[in-house]
Every structure is written in structure tokens, then in C-alpha cells.
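I've put the structures underneath this note.
Here come two complexes built around chain A, the first alongside chain B, the second alongside chain C.
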Partner chain A sequence: MVDVFNVVEAIALVPLVSFLLVLALGNRMPKKGALSGIAATGFSLAISLLVVLDLATGGEVYHEELFTFVAGDGAGVELSFGLLVDPLAALMLTIVSLISFLVHIFSLGYMNDEGEIGLRRYYASLSLFTFSMLAFVYSDNLLMAFMFFELVGLCSFLLIGFWFREAGPPSAAKKAFLVTRFGDYFFLVGVVAVFATFGTTAFAGDHSFIVEATHVLEPDATGEMNTFLGLGEQAWITVVGLLVLGGVMGKSAQFPLHTWLPDAMEGPTPVSALIHAATMVAAGVYLVMRMYGFYALSPTALGVIALVGGFTAFFAATMALVKQELKQVLAYSTVSQYGYMMLALGGGGYVGAVFHLTTHAIFKALLFLGAGAVIIAMHHNENMWDMGGLKSRMPVTYWTFLFGSLALAGIFPFAGFWSKDEVLFETLQHALSGEPLLLVGYAFGLLAVVMTAFYTFRMVYLTFHGEPRTDTAASPEPIGWSMKFPLVVLGALSVVGGVLNMGVLKDFIGSENLFLKKWLEGKTISGELGPLSAEEYHHILESDFAAGYEVTELSPLGPGALALVLGLVGLGAAVALYRAPEPTPHMTKLGRIRTLLMNNYYLDEFQVWLATGVTAPLARAANKFDQSGIDGVVNGAGSVSMFTGERFRRIQTGIVTNYAALLSLGLVLLLLVFGFLGGWF
Partner chain B sequence: MTDFGTLPDWAALGPALALGFTALALFVADMVYPKRPQRELFAGISVTGGLAGLALSVWYLVAGTGQAESGGAIQLFEGTLVVDGMSLFFATIVTSVVVLVTLASYDYLVDHPHQAEIYSLTLLAATGMVMVGMSNSFVTAFIAIELSSLPSYALVASLKENRGSIEGGLKYFLIGALSSAILAYGISLVYVSTGSLQFGAVTEALSGGVGGILGLGIVMILAGFGFKIAAVPFHFWAPEAYEGAPGPVSAFISSASKAAGFVILFRVFVDVFPYEVVEGTVDWVMAFQAIAIVTMTVANFAALRQEKVKRMLAYSSVGHAGYVLIAVAALTGEASGAFVLGSGMVHLMVYAFMNTGAFLFIALAEHWGIGRRIEDFNGLATQAPFACGAMTLFLLSLAGLPIGGGFFSKLYLLIASVRADVALLAVALVLNSVVSLFYYTRVIKAMWVEDPSDDLEIESQPVGLYTALALAALVTVLLLPGFGIAVEFANTAAKLVVP
Partner chain C sequence: MTAPLEWYLVLSAGVFCAGLFGVLVRQSALHFVMAVELMLNAANINLVAFSLEHGNLTGQVFALFGIALAAAEVAIGIGIILVLNRNFDDIDVTEAVTMRW
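Our next item is the complex of A and B:
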């Protein structure tokens, strides 16, 4: 049998080839390059699945250095490019290529059949996007990850601004680019800090920066690192971790850098699905997972992650409550769900976070593609109050969308129930042993459960139930197979996805049947996963020199039931309020609170004010100082030099007797000075 | 490692002899063809002679003649001449410049009525310069200096129809005469105090105490050498002479003659009047520090406002004397003397090529007759991109940018002054380099950025001048990667001189 790892590079490279092909020949290719993209991502998916199969049946982790820019030779900095395919990366590769594959197919209906122009640009960007994300996922060091992280950002800029002739998209693209870039500055400084501290940015291997950091903190400290600013070792690790976290918060749209994501809805809907489910936004959280062993060393960093995550989960959910546009609701729900993942990571729930990332990718892609189908049917009208009654007119979309919604709301037995429960349970487990930050995060998470269920079903009822409220809704445009196929695949996965890790029923089915946990602990591969395994992460988390978390043993059934009940309460409320042939806009009763929520807590205005009210005057002042102060000094130095030059030039009179006199005077002066100094007289 | 053992000791004077006999051969050739100048013949003899001198110098230098490993310096004529690493290093510099300048003269002198005279005077002056490096007594030193100076005066004034040339030559001669008098007087005072003129004997006599008379003599000798290297305030002749002289002669004097001044200055002050011995009477390190800083500053600032390119280069050349003076001004004993002195020597080596190249470009411009002001160079690169590229290289290297060897040699001088704990020198070096960058780029900008005037027309691309430019540019660039080799030779040579 051919070793699948011989072709593992191709997972990312084939989409890159597709990108180049489409870029060069797109207009002459069938479907303007869509088929090439589908073939490429299909290939990536196939290889990824083979890799997963291999790792699940006793394969080995693939870690290969491809080439070296700067060889450190044991001292100094080493820059290299390499691939790391461990269970986490393999899982992520599969998710990314699967979603991208389905999005490509969906685009056939959403873009090609609608007669959009600029398709070559669209499919080229889509392929490049997929390539960047896949390459980011299997990067074996932080610097390489950073490069592809940035490329992912660039591609999302290109795709969000796809309809650049309209007013909204270019500005949304710019906003997405700038806000994430703001976070990436911290990330870049973090990368440099990791280099300066450890001399390497490798994720894996015996001398990865994660292992080095662990060795430094261990009681019998064998590792070495440089610290700066006079900080202690753990404090410095916290600083570095938080710097990298800046990039994560930008990309994964965590408070307060979440503002770009809802605006990013201006892009084509399939792109939104890709961004939200598998690429751009997932990149941030994935980065934390990739270097989780490093974060596990710092209780402060973990606390910050948990608190930011929990708060974002709650905060974004409140805004989703009142939105009127389908995609807006979904956008805020994405922000909120990534908050859950961050909460889990901060709360020591590595497996839960990976699990939620996986299920969320599936059901969020499903919801966005479903929304895309509705938008096509509604001729690009996204306002839910103009819909209604679509249930009977587009049944495939309705049923799959419903499955996705049930998963999002966390209703048993859909995929989202299991993963969200895992997130909350693992956080609670660590929170109860005296971690107040985690407890606060957990409380936010629980509140968000109610609201998630509520806004999800408000969305479902307004869109699909009741009587059609407009003529378009009464006779929607039919959608083709290319849009239905991805919906059905994802709908099926949303129903059964929970099988991966039914943590709530651990006591009944037995720990050995928690597949994802076993997978991440490296129990399915031959050899040891070592410092990259979930087991090792838990070991570090619970070590006193690191985070020092303790586990309170409790049955998962109770918290699971609590989450389910809360979800059902939210669902029930939504059904009660909006289950009418002509639902009334109840949210208007909230009055000023609604206005506040509709305006997203005026955060956008606040950020604009930060830019124009604080940064711009500061910049003007700096400019003024530069113009008058610095330039003044520089110009002044120039004029003084010129003046002096003129004087010195005049010494040369052209009269030779003057020269002779000056020469003699100079000599006499020298004689006098040195005669005096040397005591000749 | 060498078969030099089979050659008699006098053969060590080979470089000087080669140049001297070439000059005589030129007289003979001129006698054979008194009426019709034989351009090819005269230039051929001169270039061959220069190459022979260069080959001998490099051969001896590489073979280790007169170096520590082959039995130390070779003393000749009862110790009045000496051949060691330093004299050979400077012989290499002088002969290299001779080759470049004679190559360029082939085209420059195309219509000149007295070509053989110019070639032979150049070679005679070069003989003197090489001898300066080999002198080991004040008598030979003085004679060698005069041998290099007297032909130089005539060379500067060799354009007899040109007012500037005559005027420059006359001024050069008058100031030179005054300086020679001062030098001779200084030497006589040294003789009075020590009873000897041979360098070794003078040094020995110093142990008997250093009095005021000797101090007076030392300062006057310093002034005499100051004229030769064109350091402020003994530099007044330089801008006028360099500007008035024919282009190749300016290149020759500003590069080779300056090198000759420095070699005797290094030898006399480092070797004959050791700092530790005479410090109490004449603190010459301090004197050189003051002169170095004043020279750099006055020259570079004066260059800032020059309108004529050649005069600007003349001031830049004075400024470089200031940089090289760091080699003696930083001999405070804090840093390794060999390193400090070697840095100055290697800067002279690099400078010989980049400065000669720059002046030869001026010679080329004079040959084309395009005027002397910076504006006259506007858009020249559209007509002569290769020559302008070479000029750009020389100027940037003179400024100390890492495009030619000038970067490293300035860097070494900077390191030397920092190691010697003379921060002021380091600051002056850096600040003046910045100032120099400004006026060098004015020329570069004129050549590459400005639009050419309508009547700018280049008819010819003279082969001799172009070859010389190309060679100078090649060596300037090669001295960037090859700097390690050059500095190795310089440091080895300096080690033998530094006590």
C-alpha cells in the first residue's frame, strides 16, 4: 500500500495549483474554474480522510522539515519550513477540506447559476484561501503559521470585498483586514518574542518552544530561556502567550475585536460559510489548540482566555437576539460559539474545544449554506420579517436548516448538544476547585445557552413558519441540486456528529468509546504523541508549576441536563412568542435596550471614535512635532552646515601670501601650544 | 617560501629602480623621436614600467620580503634605506596609481606637445614616493620627498596655456618651498639634539632625554609632513593645485603623493619618536587628534558649498587625510597599535583606487570638454552610463557605503577610534561621513536624475581612460570581499613598525 504520508504535502499544494490554473486560464475553463476548485478540494479531502484513517489505525505522526532558511546550528535563531500532521492537524485538515469542497459545490448554484461576473477572481481566491488555511493547519512552527495566518487574512479581504463595485463590501473588507491586522501586530511581536526567548518556534519535536518552556518551569528545571523586562519565567511566558493571543482574538472575532465579523456578511454567502466554519475564524482558535501546551503553563493566560471567551459567548448572543437579517443572526452566533471554544480552552477543556470546533464547523456551514439557499430563493432579500412560510415551499432547505438549528441550540441528540455540553462540563469541573474566573465564564456560558436557543428558533420561525409576508416569500425561486447536495451532507452530519464523543454518557458507554478523546490522546496511533497529546496537556494543567488546575469529580449527567433544560427553555420561549401565522415583533417591547443591541452596544461607533477622536489627533500632534521639531532640527542642521561650509570655503582666498601666512600661523600656534604643554620654555 | 635568498639585497629596491629606469628610458625614447610624439610608445613604456614596479612590490609583499618571517627588515646603505612590509605596502599603492594614471594619460595627453616629459616626470615623482617609503634616515627622507615634490610642481603646471594650471603649480611650488624649509629646519634641530640623522640612531639618542629643542624640531617635522598629506592648516595648496592640474595629475598627486606623505609620517612618528618616550615633551597623539578633527571638519564642510566637481573632490581628498590621521591620532596605547595603524594603511590602499577613479572620471569629463560645474554633469548618465556608474561607485565608496572597500576601511577606522577610547574622533568621523554623503550625492543626482541639457553630446569613449576607470572600479568593488586579505597585509606590515 502506498504510504499516504508521501503525498501529504499535496493536501495544500493541489488547491494552490488550482489557484494558479484558475488565475491563468480561469475564463477559458469550464464553469470558470469551479470544477478545478472542486476537484482540488475533493482531492485534499480524500487525502485528509486517508491520513485520518491511517492515524486511526495505528499510523505514525508525520513531522518533516522541508527546508531551512536559516540554520541555527544549535545557537541563535533557526528558521525553517516543515509539516506537522498529528491527530489534531489531521482532523482540522479534514474539516477544512470538507467544508471547502462543499462550499465550492454550493457556489456552482449560488454564483454560476446566478450569472455573477468576476467568477475567475472568485474561484481563484477561494482556492488560495483553502491553500492558505490548509498550509496554516499543518505548519510545524509559529513563524510559518504566522505567514499563512496572514495569507488567510488577505484572502478573506479579497473575498469579503468580492462585490467591490457596491458601497458596502469594500468597506467591510477593509474593516475585516484592519481589525484583524490590529490583533496580528501583537501576534507578530509574540512571534519575535518566542524567537528571542527560545531561539526556535517549532511546535513539535524534543526542542520545541513548548517543551522548552515546560522544562524551564518544571521543578527540576532543565530547560533554558531568556526573559525580558525583568519578569520571572512564568510571567514572561504569560506575556508571550497573551501577545500571540492578540492575533487569535482578532481572527477568531473575540471581544473587543469581534466587530469585523458581522460586517463581513457583505461577502458572498458561501464565502461566509467558509470563513465562519472552517478558515479565517477557526484559524485563531486552532492556533491556541496548536500551542496549548504553552498556554497550559500560565494560569493567568488561561484565565484571560476563559473570561474573554465566556464574555464573548454571552455578549454576542445578546446582540443576535434582535437582528432582523438572517446572516446577521448567524454572524453573531458565530462570535458567540467561538467564545465557547475559548471558554473551553481557558477552562482546561482541550478535548471539548476541539469537539466544539468540529461540530460547529459542520452545523455553522450548514446554516450559512441554508441561509444562502434562502437568500437565493428570496432574490437577495435577507430581512427575516419579509420571509415566512418557506417551510412548505423549500422542504430540503427547511429540514436541513432545522437540524442545523437544533445542533446550534444544543438540543439532544444533535451534534451541538454533545460538544457544548463537553465545553461547559470541563469548564465547570475545573472551576469548582476554586477558580473564580472560570466560574464567571461558566455562568456567562450558561446564560448564553438560553439566548442561543432563543435567537436560533426565533430565526427558524420567522424564516420558515407562519404565512408568507411578501410576494417573494410566497413564490420563492427554486434552488438546484448543487445547493441541496451540500445541505443534505451537512444536515446528516449535524444529526450524527455527536457520536464522536458522547461525554455526557461516559458512565454508560464507557470511556473507551469516547473516540475524539482517544484520538487526541494519541491512543490510536503507533508510538507516543508525547507533548502533543491531550493527556499530556491535562498533566501539565494539573501540575503545580503550571496552571495548577484541579479536577472536581462529578457526574456529567447533572450539568448536561441543566444545559439541555436551559436550551429547551430558550427554544420554548421562542416558539411561544413567534409561533403565529403573523408573528409580532416582540423585541420592540425592549425599547431602548433593543436600540442598544441593534447598534451592537455602539462598539463600532466607539472604535470609530477611538480612531478619529484619539488616534487621529495623536497622529496629527506627532506629525506636527515631526514637521516642526524633528524636521526643524534636521533642516536647521542642514542650514548651519551650509553656512559653516560657506565660511570654510572663504578661508581659501586664492592669494598665496595669505596661505603662507596662515600656514606659518598654524605652525606657530602648534609650537606655542605644545611648547607650553611640554614645558619647553 | 621564496627564492629571494638567491637575489642580492639591493634587489629589494626593485620597485623604485623599475620606476626610475622607466623614467630614464622615456628620456631616451624622447631623444630618439624629438619632433613627433609617439603616444603609444611613451604610454606603453610608462605602463610597462608601472606594472613592473607593481609586480615587484606585490611579489615581495606576498613572498614576505623584509617581513618578520624572512629575517626582518632589509637595511641598505648603512641603514639609510629600509625595505619592510610597510614600504612594500606603500610601493604597491604608488605603483597601482601610476599604472592607472599613465593608462589614462594616453588619451588625456592626446594633443599635448610634451608627452614624454609628463610621463617621465610622473615616473620620477613616483620613484621619489616609493623611496620615501623606504627611507630610514632624515637625509634620504628629505631627498626622496623633494624627488617626489619637484616633478609634481612641474606636472601641475604642465598645461602651459592654461591659467589655472600655471597658477596652481606656482602656488603649490611656493607653499611647497616654505614647507620644505620648515621640514629642513626641523630636521636640523633634531640633528642638533641627537647628533644623528639615521632613524635608529635618533631613537637611541632619545633615551638621553628629550629637550625643548628636539620638541621644536619634532613639531616642525610634523608641519613639513602635514604639507605633504595636505592636512589643515597646511592644505592650502591642495584645492588650487588639484583643481588646476590636468585630471590625471590631480589623481596622481591626491592619491600617491598623499600616501607617500603618510608612510613617512607613520614611520617617523611611530618608529623614530615613540610616543612613550617623547610624550612628556611633545604629545603628538594629541596634536594629531586635533589636526585630524579639524582637517575632516574644515574640508568636508568646505566641500559642501563647492560648485565645481573637481574642487569638491579636492576638498574631499583633504578630508580623507583627516580620516587616515586617525591611524596615528588613536595610538593612545588603549588599542593594539598594529590594528590602528593597519586600519589607516588599508584605508589609504582603498582610497588610492576610489579617489584615483573619481579624479580620472573628472579627467574623462575634461577630455570630453563638458565643463567643470555640477550642473554640467546633468544627465550625463544618459550618454555615458558605464563611466557614470563607475563614478557613482567611487563616490559612494568614498562616502563609506557598503558598495566598495571604503565601507570596511572607514568601519575599521571607526572601530580603531572607539577601541582607543577617543570618542571625539569617532563622532567626527561619522558626522563628516554624513556631510560628505550629501555632497557626493549631489553629483550622483546630477548625473542620473537631472535632465541633460540639449547640447550635451559625448563623441568618444577613449579606451585608455575607460580601461583605467574599469580597473579602479573593479578593485574598489573587489576590496569589499577581499578586504580581509588587504587588512591582513597592512596589519602584518604595521606590526613590524609599531614598537
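Our next item is the complex of A and C:
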């Protein structure tokens, strides 16, 4: 068998080729380039699966530098391009290419069959998006990751603003770009800080910045780093970690930079599925996972991550409770679920976070594609109060959507149950041994469980149950196989995805059957995963020189049951309230709270006010100072020269006699000066 | 018996002042040229006087150069005066004031 790692570059490069091909010839290709995209992502998926298979059966981690653009010559910094395919990257490659593949197929029905124009642009952007994300996933250093991180941002800008002739999408695209750019600004400073501190940005290898940082903090310190601003070593590591976290919070839509994501619903629905499940938003969380060994060194950074994550999970869930558009509910649920992943990462639950990222990718892609099918059926009306009764009219969509919803709500035995439970359990485990920040995060997480189940089933009942509330809902447009196929695949995966890591049942099935844990600990590969393995991360987390977390031994059954009961409570409440054939809009009873939630806590207004009420006057004042102060000095110097020149040029009379007189006078003066100085008199 | 050096210098200073006076007060370009000649010759008188005083010929050689220079200067000066006359119909230097601010 050919060594699959010889072609590992092709995983990202084939979508890039597809991008160029579609860009050049898209209009003349069958299906306007969809087939080329499907082929490319299908190829990437196949190779990714082979890589996973190889790593699962004792392959070796692939880490290779492909290209060096600045050679360090042993001193200073070195910039290079390289690939790192370890279990985490391989898993993520598979997720990204799988979701992208299914989204391409779904787009056949969503875009092509609807007679959309501009399909060449659509498929080209989609391929470029896939390429950037795949390349980001197996980047072996922070700088390269940053480049592709930015490219991912650009592609989401292009795709969110796909329908640029309407009013909403361009503004949403601009907002997404600017808000994530704001976070990326900190990330860029962070990349430079990592360079300045460690002289390298490599993720893997014996001299990666993560390993160096660990060696610096270890009791018998052997590593070297530069610190700045007079901070201690751990404090500086915290600062660098928080700077990079800025980019993560922008991309992964964490409070307070989450405002772009609900607006991003203006893009085509398959794009939303791709952005929310596998690419754009996942990139932020994935970055934290990629350099988790670094974050594990700083308890402060971990605390911030956990608190931001827990709060975001709760905060976004409250807003999802009252939304009327199908995609808006899903958008806020995405923000909330990524909050869970951040909570897990901050709470020391690396495996839980990766697990939740995986299952979330599956069920959120499923829900978005399901929503896309509903939107097509409803002729692009997204208001859930205009739907109802779609259950019997679109059974495939209904059942798959239901599975996705059960997974999102965290109901046993669907995929989301296992992963959400793992997130909460691992956080609780570390929180109970004296980490109050984690306890707060955990409490937020539990509250969000109830609300997640509630808004999910409010959405399901309003959309699919009861009587049709409009004529369109009574006779929806049928959807084709290209939309059903991805739904069925993802629906099946949502049901069985939990098998990867059934942590709750650890005591019954034995911890050797927690596949994902073994996978991330590098137990399946030959050789050592070293500093990239989950085991090593936990070791660092529990070391006193680093985060210093302690594990409280708990049975996972209790917290698992608690989360399940809370989920069922939320689900039950939603069913009780919205089961009626003609459900009443109960949320209007909330009155002013509802208004507050509908307006997203006025955060958008607040951010606009920040821009127009604070930044703009500041900029105007600075401009005024520049115009009058700085320019005033320069202009003043000019005016003085002009004025004196105007006066002095009058001595140029043109009369030669005057010149002669001046010359003589000058000579006499000179003689007198020399005379006085030379002591002639 | 020879005259003392100071006499030559007083003569030279007198001639030079006469030339300078001419340059400063005369309006005719021809007078100008003559005044300049006077100033040059004042310098030549100095050179020859010092040459005599020191007993070597360097000053006299220089004076020869000065005379040659004066001749050349007159040639150019006359040329300028001709052009002046052609452009302004006059050789009054206070009239030719187009080259000013």
C-alpha cells in the first residue's frame, strides 16, 4: 500500500485546484463547478479517512517542514511552512472535509436547483474556504495558522455577502469581517509576541514554543525565553496566551465578539452550515486545542477561557429562547455550544472539548442543512410562526432534524449527550478542588443545558408540529435527493456519534473503550505523541508550576444524570408549552425581558455607540489636533519664510549701483569684523 | 633716491577710492567701466610698489596679468554696454532694472 502520508499535502491542495478551476472555467463547467467541488472535497475526505485509519492502526505522526522563507541560521527567528498531522489534526481534517463534502452536495439542491445566479463565485469561494480551513488545521506553526486563519475570515466574508445585491448580506459580511478582524488584531500581536519570546512559532517538535515554555516553568528550568514589560515568566505567558485568545474569541464568536455570528445568517444556508459546523467558527476553538499545552501553563488564561465560555454558553442561550427565525435560533445555539467547548478547555477538559467539537460539527451541520431544506420548502420564509405541520409533509427532514435536535439538547443516547456531559463532567471534576471560576462556569453551563433543550424543542414544535399556519406550510415545495442525502448521513452520525467516547459509562465499559481519549492520548499510533498528547496536557494541568488543577474523583454517573434531567426538564417544558395544534406565543408574556432578548441585550446598539459615540469623536479630536497642532507648526514655519522672503526680496532692486554699494558695505563690514576680532585697533 | 612705500600706497588708495566713487554714483555704463579700470590699476600700483620694495619680480608679473585682465574686462564690458544700448536704447545702468523681484 502506498504510504498515505506521501499525498497528505493534497488534502488541502486539491480544493485549491478546484478553486482555481472553478474560478477560471466555472461558467462552462457542468453544474457551474459544483461537481468539481464535490470531487475535490470527496478526495480530501477519502485521504483524511485513510490518514485516520493509518493513525488508528499504528501509523506515525507526520510532521514535515516543506518550505522555509526566513532561515534563522541557528539564531533569531525562523519562518517556515510545514505540515503537522497528529491525531487531533487528522480528526479535524476528517470533520472539515466531511462537512464540506456534504455541504457541496446539499448546495446542488439549495443553489443550483433554485436557479441562483453567480454560482461560479459561490463554488469558487466554497472551495477556497475548504482549502483555507484544511490548511489551517494541519499548519505546524502559529504564523502559518494565522495566515490561513485570515484566509478563512476572508472566505466567510465572501460567502456571507454572496447575495450582495440585497441590503442585508453586504452589511452582515462587513460586520463579520470587522468584528473578527478586531479579535485577529490581538492574535497578530500575539503571534509577534510568541516570536519575540521564543524565537519560534512551531507547534510541534522538540523546540516548539509550547515545549520551550514548559521547560522554562519547570522547577529545574532548562528552557529560555525573553519576557517583556518587566513581567515574570508565567505572567508573560499568560499575556501572550490572552493575546492569541483575542483571535479565538473573534472567530469562535465568544462574548463580547459574538455579535457578527447571528448576522452571518444572511448568507446562503449551506454556507451557514459550513461556517458553524466545521470551518470559520471551529477555527478559533481548534487553535486553543492546537496550543493547549501552552494554555495549560497559565491558570489565569484557563480561568478566563472557562469563564468566557461558560458565560457565553448561558448568555447566547437566553437570546435563542425568543427568536422567531429558524436560523437565528440555530445561530445563537452555535454561539452557546462553542461556549461549552471553551468552558471545557478552560476547565481542563481537553478530550471533552474535542469530543464536543466533533459531535457539534455533525449535529449543527445537520440542523443547518435541515433548516435549509425547510427554508427551500417555505420559499425562503424563515419565520417559525409561519410554519407548523411540516412533520407529515417532509418526513425525511423532520426525522433527521429531530435527531439533530435531540443531540443538541443533550438527550440520551444521541451524540450531543455524551459530549456535553463530558464537557460538564471534566469541568466539575477540576472545579470541585478549589477553582471558584470553574464552578461559576459550570453553573452557567448547567443553566444553559435547560435553555438549550427548551429552545431546541420550541423550534422543533413550532416548525414541524401542530397545524400549518400559512398556505406555504400547508403545501411546501418538495426537496430533492441532493438535500436528503446529506441529511440522512448526518442524521445517522448524530445518533451514533457518541460511541466515540462514552465517558458517562466509563465504569461499565472500561476506560479502554473510550476511543477518542485513547486516540488523543496517542495510544493508537506507533511511537510517542509526546508533548501533543492529551495525557501530557493533563500532566501539565496538574503540575504545580503550571495551572495546578487537581482532579476530584467522582463517578461520572451523577453529573451525567443531572445534566440529562435538566435537559429533559427543558424539553418537557417546551413540549408542554408548544404542543398545541395552534401554539400560543408564550414568549410574549415575558414582556420587557422579551424585548431585551429580541434586541440581543442591545449589544449591537452598544457596539455601534462605541464606534459612533466614543471612537468617532476621539478620531475627530485627534484629526483636529493633527490639522491645527501638527500641521499648524509646519504651516507656520512656511508662512514665516514666505513673509520674510516677501520683505527681503525688495533689496533685489535690479539697479547695479545698489549691488555695488552693498558689496562695498559688506567688504567694509567684513574688514571691521576681522579688525576687531584680530585686534588691529 | 626713491619715494617711500607709503606714498605709493596713499596714491593707490586714492585711485581706488576714486574708482569706487565712480562705481557708486555714476549712471552711465561707460563711466562704470572706467571706474572699474581705476580700481584695477590701483591694485596694479600696489603690486608694483611692493615688488620694488621687496626687490623681486613677482609683483610685476602679477601686475602684467592684472593689465591683461583689465583689457579682457574692457572687451567684455564694452560688449555688455552694446547689448545694453540695443535693448534699452540707453546706457544708463539705473534704467535696466527688469532683473529684479
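Simple rule for what comes next: the second predicted complex is superposed on the first by the 635 of 681 C-alpha atoms of A that agree within 3 Å, B and C clash if a C-alpha of one lies under 4 Å from a C-alpha of the other, contacts with A are read in each partner's own complex, and residues count from 1 in each chain.
Note that a residue touches a chain if its C-beta (ideal position, glycine included) is under 8 Å from a C-beta of that chain, and two chains touch if they have at least 3 such contacts.
Nothing here was measured: the structure is a model prediction, and the numbers come from that model.
Judged by the number of chain A residues each one touches, B leads among chain B and chain C. In the overlay built on the shared chain, the residue A:Met642 is in contact with chain B alone; chain C does not reach it.
Residue contacts after overlaying the shared chain place A:Gly675 against chain B, while chain C stays out of touching range.
Look at A:Leu229: by the touch rule set out above, it reaches neither chain B nor chain C. Residue contacts after overlaying the shared chain place A:Gln652 against chain B and chain C alike.
Comparing which residues of chain A touch chain B with which touch chain C, the overlap comprises 649, 652, 654, 656, 660, 664.
If you check the complex, the residues on chain A that touch chain C are 649-650, 652-657, 660-661, 664.
Across the complex, chain B is touched by residues 641-642, 644-646, 648-649, 651-652, 654, 656, 658-660, 662-667, 670-671, 674-675, 677-681 of chain A.
The touching residues of chain C, counted against chain A in their complex, run 20, 23-27, 32, 93-94, 96-101. Put simply, chain B touches chain A in their complex at residues 170-171, 174-175, 178-179, 182, 211-212, 215-216, 219-220, 222-223, 227, 232-234, 236-237, 239-240, 280-283, 286-287, 298, 301-306, 435, 438.
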